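Notes follow the structure.
Chain nomenclature is as follows: A, B and C, assigned in order of appearance, with residue numbering initiated at 1 for each chain independently.
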């Protein structure tokens, strides 16, 4: 297995952050296999959506509607506002996905991008582990 | 890795479409490994649920409740009604899953089926990529 | 591929049940690879969240809010109260996830645990299949 950890500068934003280019670079030249994209943080997730046409912000709005950022709703509520919601999000937007790789290319559809969803503004840097298995 | 693309005739329906039989056929005789089921479309997802007892329609109702099909709510709202919601759905019902395969059989539970969730009526044909890795 | 089935005693509780220790034990000494965690039940899911600080209960509350346990809302409504909701849950909290393993250890973040989500009180015992592929 080939594995590496990407460092994503998320600054003070909430994302989603499109990481498709970095992920594509990692699998270039590796042939056929399965790529796992995994974010080792308890308040972040990985999604595969269209970016650049508004759906990235629409996803964040939907997350906020499903998991309102009123901390009185959550048992886990220390830290900055919304922290309780952020810790529930990975139950729905999971921190792990798998993308097939064919001939060194991500076999994504035309409109699919891989994004890091990070609803928390507190972390300016996030990590994403890429792991490629061939067979 | 063995990989193939299924063509699923979804007609004008929204699904979920049970694709378990096609997927089972693909892994027959392949021994032990992990199977990735991946839909390369930005408005579709893959789920594993019971089918045929109403939960398939219940899932679609729940998706519509969580992501109302009123396009004024979404930045991404060109196209037919509900298109904005359809583009957010894969954030929650992801386009990728992995199923263990033991001795050429999907190691699903008795009541589990693999379904293609396609909330959009616009596409009469969808593709699903199956990728099997053994070790 | 190395595969095994864990038996989890869930008693009459709804979870989430932290299974990280059992999963970690399974991969110890196995080197690098991808681990699939799969629950072969149609009313359960697998999530990766922080446990022990309230987010486990917060996740269950969020599931109950998104999928209310009023069976009149569901076509599939035989069995005990909430059964209709339980069958929709795996559409959102999927029964399958993949965790990278590096040098025989789960490459989880500090605050991440693997949990079995079982909203149904009816089943006192649940199974989880672990499948490890190296390459």
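The rule we apply is simple: a residue touches a chain if its C-beta (ideal position, glycine included) is under 8 Å from a C-beta of that chain, and two chains touch if they have at least 3 such contacts.
Everything numeric in this text was worked out from a predicted model, so none of it was measured.
Interface note: chain A and chain C, two copies of one sequence, contact each other through mostly non-matching residue numbers (shared numbers fall below half of all numbers used).
If you lay the C-alpha trace of chain A over that of chain B, the rotation comes to 120 degrees, to the nearest 5. The mean-CA centres of chain A and chain C are about 20 angstrom from one another, to the nearest whole unit. Contact with two or more other chains is made by residues 33-34, 66, 92, 94, 97-98, 133-135 of chain B. Within the complex, the chain B residues that touch chain C are 32-34, 47-50, 53-55, 57-59, 61-63, 66, 92-94, 97-100, 102, 107-112, 117, 133-135.
Chain B makes touch with chain A in their complex at residues 1, 3, 33-34, 36, 38-42, 66-67, 73-77, 84, 87-88, 90-92, 94-98, 129, 131, 133-135.
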